[in-house]
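Each of the two complexes below includes subunit A, the first together with subunit B, the second together with subunit C.
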Partner chain A sequence: MSGVEGYMYPNEVTLYWSVLIVLYPFITGLVAGAFILASLERVFRVEAVKPTYRLALLTALAFLLVAPLPLILHLGHPFRSPEMYFTPHSTSAMAMFGYVYMWYLMAVLVFEIWLDYRREIVLWSQQSKGLMRTIYKIMALGSSNIGERSLHIDDKVGWIVTLIGIPSAFLLHGYVGFIFGSLKANPWWSSPLMPVVFIFSAMVSGIAAVMLLYMAVTKLRKQAIDMRCVDTIAMYMFYIFIIDFSLEMLDLVHRVYEADESFRTLNFMVHTKLYFSQIVLQIFVGTLVPLILLFITQMVKLPEIARKRIYVLSGSLILISVFAMRWNVVIGGQLFSKSFIGYTTYKMALVTREGLLVAIGLTILPLFFLWALVKLLPPWPDKDLHEAAAGD
Partner chain B sequence: MNINRRHLMILLPAAAVAWKHVLAGTPEDSPNYQMSEHWWGMLIDIPKCIGCGNCVRACQTENDVPDGFFRTWVEQYHRSDYHLETPEVISPDGGKEGFPVVKEGEEGKFFFVPKMCNHCTDSPCTQVCPVGATFITPDGVVLIDPKYCLGCGYCVQACPYGCRYIHPEKKVADKCTLCYHRITKGLTTACCEACPTGARQLADLKNPNDPIHEFLKTHTVQVLKPQMATGAKAFYNGLDGSVR
Partner chain C sequence: MSGLKDAGHLFRFAGLFVLAFLVFLVVRAYVVPKSFGEYGHYRGAAIGEIAAHPVKFAGRQTCETCHTDIADIKAKGAHAHVNCEACHGALAAHADDPMSVTPVKPDSAVLCARCHTASAAKPASFPQVDPAEHSGGAPCVTCHNPHSPIIGSDFTANAAKGGAK
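On to the complex of A and B.
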């Protein structure tokens, strides 16, 4: 059989979870990470990262809106997906996705963004014209009080929502890790560390994405990049990445040392079919290189231009590494036989519903959503609006 | 139509039975079949299997299984001097057309292992189904409701035995139903019926008169991957330790 080495159970030759299922944890990870970055400013009072606060929230929302699409597109019967809401199976980890997703989308992210922007939304609904005025009026949800006391309440409630949002972000992504980690049938996935590793890699990828977006958007707006802000973000990214890498290495060392019956199979797979995506891309290029680069920035006082370049390179490599990690988990977990004596090959289609083009489209789609959100809710101070507000 | 007392005496109990099923919401195909009286499993006697592939063909015909996918398949193990610790395993087209004839002088031990859904009591596939489309019946058969299945494939990943697949046309999960449409009518499964040596035997663990009771007491039987603790009900006689 083409692409098969050794013996696979005959039903295992086809891979059922495609690149879209790789995208699903990657995108939800970016959401969770972006939100954690926003919470740094809001809850932990890391003032230096304030310039990215709103952009981080909007990034989280843009990616969250796309997060269920790869899952739904992958289903054999996409139109039956509402059944997960109406008749969830209580013992299924996957059945909780809808609830965790809706909770995070509506109760945390949308609510927090609304509270944070409420003052501006009210002012925009008064000052803008035409269609935009109607949109802002709808978004204001009938509220018009932007007095000091009212804004103070917004701030307090927003703080509480962020506080609830941190465990929710952990829940959202830890749960995605649990979907894989709880399957005893698959030794590549089955690990209690899986949700924790997913959470930390999510934080790193989300922080890297927001940092890159902030630098790109600031450059596009021809503004100066706040170096204190990106230095702080890079520092957090570095430390969280160390924890993430340590956890992944702990998992690896544990597997190597314990060497259970699946070890030979998995070891062979890592050294052959996953060699490029795991050893080269994920560990060396995507992890060790950015860790060394970021370590240098922490140890040596480099000029601003050098730091910027290092941050852009490290952030990009981290995103590649985390995507490779998701790939190695999802695809890697299906490349070997549960008989432990055979391997199959993943052949990615190009233009099918689960093909490469759709995957690329779904990766780019959140950026369009983000563009629309930034147009609607500019994350930077609106000078005209301030003047108008001051004149009130 | 004239209904006399005699007709009424016959009709009333039948109506009472029918009413029970109306209340349950699902009419039963075979009125005499009581789910609670059975707990189905399968006995697979490895020394008896000759690898003819009759079972695979019968299953595919009976259940309209698509080409390239299998509700049951047969594996051939070859333990030779070269493959002493880990036997060589093959299953060309699921063993549907049998296996290559062993050449004269080819050394080593050959044996065949039929595989199918183990209809586990604590099945991981049932546990993970997000909508409960996969379920275990009161008589111990793991089934899929194709009108309800999303086709997410989570159950395929959760099955340790590789028994499930996504049907290429119906786009839903599919696997062995233990010929539920037959066994609830008092028949045996298509694979058991087609087996020329009796290597496969449908077993009712709740029926004390079923030969499985005597067999389990007098033979050394094993289930596949017992460490998975799935409560598998496909019992193998003479199972080699290398079989996974």
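On to the complex of A and C.
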């Protein structure tokens, strides 16, 4: 059989979890990470990252809206997906996740964004025209109370929502790690560290994504990048990345030391089939290089332009690294035989329902959603509105 | 009181949630089949519906009532424990009305390879061949009798052995 070395059980030859299943944890990871960045400002009062607060929330929402699409495309039968809600299956982690998703989407993200934008929404509903006016009117839910007291209440409630949102974000992404980590049949996945590693890599990737988006959007708007903000983000990204890397190394050391019956097989796989994506991309290019670069920015006082370039480079490398990590987990876990004496190959199709083009499309789609959200709810202070509000 | 008034918009938002939840409940009551959950996490009525499907397999005993000759050969051969319909496919329609439903003879080059192609996943004791090498593309029935496949243990030999017992 082509692509098979050694012996595979018949049901192991083709990979069922395709590149879309790689994309799914990557996207939910960005959501969780972006939200954690937003909560830095809101709950932990890191004022420096404020310029990215709203952008981070909108990014989280844009990516969360796309998150179920890879799963639905993978499973087919989109019309069956609501049945997960209609007939809840309490002993299936995958089925219960529908509720976690809905909770996170509506009770956390949408609610928090609405609270945070309410003042502007009300003002826009009074000052814009035509269709937009109607949309803002609907979004204001017919209440135009933006008195000081009611905004104060919003702030308090928003704080609580963010507080609840942090464990929810952990739940959202920890679940993805949990699904893999709890599969005892697969030694590549089965590890209680899996959810933790997933969460930390999610945070790093989400923070990197929002940082890059902030820099790109600010450039596009021909505004000056707030260096204090970007420096602080990079610092947090650096620290969390160190934790993430240490956890992954801990997992590795544990596997090497434990050296159970699967070890030789997995070790061989890492040195052959996964060599490029794991050793080269994930660990060297995607982890060690950005860690060293970020370390330099923390140690040496570099000029602004150099810092910017380093941040963009390491942010992009981190995204590649985290994607490679998802790839190595999802695809890697299906490449070896449970007999431990054979390996198969993943052949990615190009234009099929689960092919490369669809994967690329799904990666770009959230950016369109984000663009629409930014048009609807501009995350930066609206100067015209301020004047009008003052005139009120 | 004024505190409540200033939080009025929050109640509107909450109301939206309640509304959405009510819509969900209504839709749910409408789309979830009545018998769902009767016995478990599935539609209870499905059992009756499946039971009402027409039977497709007749079963070995039924075939043997008419094809006694083949049943005798087979009973003494290596395929004694392989069911007729494992090779011939579901034939209840033929068993009910043999004159109007004539089964097609299975293509042995495909059929036999399905069970006998060598694979490491099969127990070593199971007879396996590499079909291309073993038969060179010729249908397996040119040399083997499908109902008593060991060569040399043909019809007469088997019958004689059986008779001697």
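The rule is short, and it goes like this: the second predicted complex is superposed on the first by the 391 of 392 C-alpha atoms of A that agree within 3 Å, B and C clash if a C-alpha of one lies under 4 Å from a C-alpha of the other, contacts with A are read in each partner's own complex, and residues count from 1 in each chain.
Heads up, the rule we're going with is that a contact is a pair of C-beta atoms (placed from the backbone, for glycine too) under 8 Å apart; a residue touches a chain by one contact, two chains touch by 3 or more.
Being a predicted model, the structure only gives us computed values, none of them experimental.
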Give one word, clash or fit, describing how subunit B and subunit C relate on subunit A after superposing.
clash
In the overlaid three-chain picture, which partner chain does A:17 touch, first (subunit B) or second (subunit C), both, or neither?
first
Output check: A:153 vs subunit B and subunit C. Expected answer is one of first, second, both, neither. What do you get?
second
By the touch definition at the top of the document, which applies to A:118: first (subunit B), second (subunit C), both, or neither?
second
Which partner chains sit in contact with A:50 here, subunit B, subunit C, both or neither? Use first/second/both/neither.
neither
Counting only touches as set out at the top, which of subunit B and subunit C does A:7 meet: first, second, both, neither?
both
After lining up the shared chain so the two structures overlap, which partner does A:74 touch, if you call subunit B first and subunit C second: first, second, both or neither?
first
Partner touching more residues of subunit A, subunit B vs subunit C, is chain B
Touching partner for A:141 - first (subunit B), second (subunit C), both, neither
second
Partner chain in contact with A:87 - subunit B first, subunit C second, else both or neither
both
Subunit B and subunit C contact sites that coincide on subunit A, given as residue numbers:
7, 9-10, 87, 89
Write out the stretch or stretches of subunit B touching subunit A in their complex.
68-70, 73, 75, 86, 89-91, 93-94, 115, 124, 126-132, 148-154, 156-166, 170-172, 228, 244
So in the complex, the part of subunit A that touches subunit B is made up of which residues?
7-14, 16-17, 71, 74-77, 80-81, 83-84, 87-89, 91-95, 97, 179, 183-186, 333-334, 337-341
Contact footprint of subunit A on subunit C as seen in their complex:
2-3, 5-10, 12-13, 16-17, 20, 24, 27-28, 31-32, 36-37, 41, 119-121
For the complex, give me every residue of subunit A touching subunit C.
7, 9-10, 85-87, 89, 106-107, 111, 114, 118, 140-143, 145, 147, 149-150, 153-154, 157
